[in-house]
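Presented sequentially are two complexes of chain A, the first with chain B as partner and the second with chain C.
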Partner chain A sequence: METLVFGCLAVTALTMGWLVFVLGSMARVTFALLAALVCVGGVTMLLGLPYLGVVLVLMTVMEMVIMAVFMIAYMMNPAGLMPMSMVHNRYGAMAIAAGVFLALAAGILLVPWPARPAGEPPADTTFQLGEALMGTQMLTMTVLGLVLLSTMVAAIVLATARGRYDRYGDRLERRVPRDPAAGGTGGAGR
Partner chain B sequence: MTLELVLLPAAGLFSLGLYGALSQQSIVMIMMGIELMIGGLITAAAGFWHFLAPTAPAGQVLVVAAVVAMAVEMAMGFAVTTAVYRADRVDMADMAGELRG
Partner chain C sequence: MTEGTAPAWAVVATPVLLTLLAMAARSGDALLAAREAGRPVTAGAALRPLLDIPRLLAAQPRRTPVLDRLLWRTGVLVVPVSAVLSVLVLPLGHGAAPAGLSVGVVWFNAMEVMTWAGLWLAGWAPNAAFALVGGYRFLAQALAYELPLMFALIAPATAAGSLRVGDIVAAQHGLWFVVWMPVAFAAYLLAVPAFAFFGPLRYPAAPDIAGGVLGEVSGPDRLMLTAGRWLWLAAGAAMAVPLFLGGGAGPLLPGWAWSLVKTLAVLAALVWAGRSLPVIRADRYLELAWVVLLPLTIAQALVPAVVAMAG
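Entry: the complex of A and B
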């Protein structure tokens, strides 16, 4: 039964992953990727990690909704109404991807994996993860927190149209900022 | 269910994502390819934890790190897309050639 569910999830994930690069409409592409990653979350749950599976599904849903907005904002042909090729070096990429898959598959099938896991899984895997993150893996948790914080700062810096150097000059020497419109703390043309 | 059965789809997802990241021109589509690759990594990490070392919580922490990498990749990718688009009105990897040697 478990194997059957796993098989369905794996086949769906691979089919949807393939559709991501085949479909024309960006809305369909986004939801195909969402379906593929939800199946990955399902596999994670099936392997005894329900908490991580649910986190993955929730995060992917939010990500894909944001992604749909960005697609429509930036892409030349978001609805796929004009058939156009958006790929380069297609056969080279196919060859590299197929080569990587064959190498990975050879490794997977040739390595003599241990027949049995080393020990029994804990009764509550979420408890195991929480205890590790708040104990022995505290450094990992701290680093991940710092990485996320610096990502927030860096993303805002990159996405800002006019930062303080545009307003106050390269050496921040202007007393009154130069803004396109007067009002607020700025003054146009002053 | 065996470890090989879990790792093979994981390798498939990784390779599909690699094909997309290499062949797509649109920056947003390249990011989708990278997402698929990280999805394959998460599947493989969960499989390794389940079938080889379920007593070691470090396997689960690896999955957490992969999920964080996914979120960071997405946020920074969109920020870079926004910056590149604002500077040059460009949304294709081939046209963003400032660093071409």
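Entry: the complex of A and C
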């Protein structure tokens, strides 16, 4: 049964991944990629890692939908309804893709995997994952979190056209900010 | 804190029950509408919206030029299907859930996020301006409600020390989480109409853009999308019960009956509030969500975290 489910998921994931480079519509390409990644989430759940599998589905759906918005906004084909190719540098890309696939597949066979200490798999892999991330790798995760946060803050600072001096005045004297559109927690418009 | 296996019929019973709850919500909404309009509040008024089911099944579908039929249908189906899948992790009363997943809370969250994809596709694929605006409006709204919702879901899971919905119910023995996590409960209840694009958060399907994501869809597809809306409202109400309201706990009645009574109460409150409140724009809601709700829900999640560390 598990083998059958794995087979279905694997074949669907590969087919969808292939369709990414065949389909012409930007929206279809994005959602083919999303379907492939959801199948990967299913495979991860089959491996006995339910948390990682479900979180993979959760995160990829969110980021793919947001990505679709930007893909369609920035491509020369705004509505995504006209055909356009996802392929650039066809032969170079194919060589790189095949090389990476072979290297990763060779890794499966060549890496000396640790042997399970006999018997049953662990009862709660979610707990194990949490311990691994927040125990020995705590420093790594904290640093990563800070780097990500500062990147986000920096990106927003670079992207926003209006700062607090535009909102609160040159001496920050306004009690209620002045925004182009009224609403939210700010005051009424100008 | 282990969970037995649910009987096989529960896999069928849970979706059927969810559908009945969704129909009840639709009928209740019709009754409120009848009262508002001064029409007689009768059983006929309650059942009339359900006539839409055969009517839409038989209706001739409308088409738009240069539409993407595959993506449209996918989007329209994803919304109700993910609603049904989301409740499979809910235990009925004290019993086991049909899908005894150890990460039930994350599963519910992942299924709810599926509506992002479904509604954006439903808005984009018909190649119509108002539907497209509706799809983008939903994404703007989603960015607002999602993070407070995630922290609201994290709070009870932290208190229970488990992501399994059955364990969260068991952890509320004696004291419901709503008592000491009212902020998380409020943020959760605010997110339910948001992912059901209902009531004050029907902005993606608002009348000012001629129905938005619901504007072009017709026939059986329309039935699926509107069903998805009511199913999600019912699923959100059903999930509030094991998370915050003690699941099937209560005197005299059996567990499943208490679960049902509490779900109906939450659903009734949501439908009533949906009728009573005006539509809020996504930009307003976004600012409220990120400036006010998000810090509040983080502070709320800190409370069970400190209790868990001390305990």
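Following the convention adopted for this analysis, the second predicted complex is superposed on the first by the 118 of 190 C-alpha atoms of A that agree within 3 Å, B and C clash if a C-alpha of one lies under 4 Å from a C-alpha of the other, contacts with A are read in each partner's own complex, and residues count from 1 in each chain.
The definition used in the following text is that a contact is a pair of C-beta atoms (placed from the backbone, for glycine too) under 8 Å apart; a residue touches a chain by one contact, two chains touch by 3 or more.
Since this is a predicted model, take the numbers as computed values, not measurements.
*Asks:* Give one of first, second, both or neither to describe whether A:Val57 is in contact with chain B, with chain C, with both, or with none.
*Replies:* The answer is second: A:Val57 touches chain C but not chain B.
*Asks:* Check whether A:Leu110 is in contact with chain B, with chain C, with both or with neither, and answer first, second, both or neither.
*Replies:* A:Leu110: touches no partner chain.
*Asks:* Once the two complexes are aligned on chain A, which partner has more residues of chain A within touching range, chain B or chain C?
*Replies:* B
*Asks:* Which holds for A:Ile96: it touches chain B only (first), chain C only (second), both, or neither?
*Replies:* In the superposition, A:Ile96 contacts chain B only.
*Asks:* With the two complexes superposed on chain A, say which partner A:Gln128 touches: chain B (first), chain C (second), both, or neither.
*Replies:* In the superposition, A:Gln128 touches chain B alone.
*Asks:* Looking at the overlay, what does A:Gln137 touch: chain B (first), chain C (second), both, or neither?
*Replies:* Touch partner of A:Gln137: chain B, not chain C.
*Asks:* Should A:Leu14 be classified as contacting the first partner (chain B), the second (chain C), both, or neither?
*Replies:* It touches chain B, and chain C stays clear.
*Asks:* Go through the superposed model and pick first if A:Val22 touches only chain B, second if only chain C, both, or neither.
*Replies:* It touches nothing on chain B or chain C.
*Asks:* Output check: A:Val153 vs chain B and chain C. Expected answer is one of first, second, both, neither. What do you get?
*Replies:* A:Val153 contacts neither chain B nor chain C.
*Asks:* Which holds for A:Met1: it touches chain B only (first), chain C only (second), both, or neither?
*Replies:* Neither partner.
*Asks:* Take the contacts of chain A with chain B and those with chain C, and give the residues found in both.
*Replies:* Overlap of chain B and chain C footprints on chain A: residues 55, 66.
*Asks:* Spell out the part of chain C that touches chain A in their complex, as residue ranges.
*Replies:* Chain C reaches chain A through residues 66, 68, 70-71, 74, 101-103, 106-107, 109-110, 113-114, 116-117, 120-121, 124-125, 127, 136, 139, 146, 163, 281, 283-284, 286-288, 291-292.
*Asks:* Taking the complex as given, what residues does chain A use to touch chain B?
*Replies:* Residues 2-3, 6, 10, 13-14, 17-18, 20-21, 29, 33, 36-37, 40, 43-44, 47-49, 52, 55-56, 59, 63, 66-67, 70-71, 74-76, 86-90, 92-94, 96-98, 100-101, 104-105, 108-109, 113-114, 117-122, 125, 128-129, 131-133, 136-137, 140, 144, 147-148, 151-152, 154-156, 158-159, 161.
*Asks:* Going by the contact rule at the top, pick out the chain A residues touching chain C in the complex.
*Replies:* Chain A reaches chain C through residues 25, 27-28, 31, 34, 50-51, 54-55, 57-58, 61-62, 64-66, 68-69, 79-81, 124, 126, 181, 183-186.
*Asks:* Given the complex with chain A, which residues does chain B contribute to the contact?
*Replies:* That would be residues 1, 3-9, 11-20, 22-29, 31-33, 35-36, 39-40, 42-43, 46-47, 49-55, 57-58, 60-61, 63-65, 67-68, 70-72, 74-76, 78-83, 85-86, 91-92, 94 of chain B.
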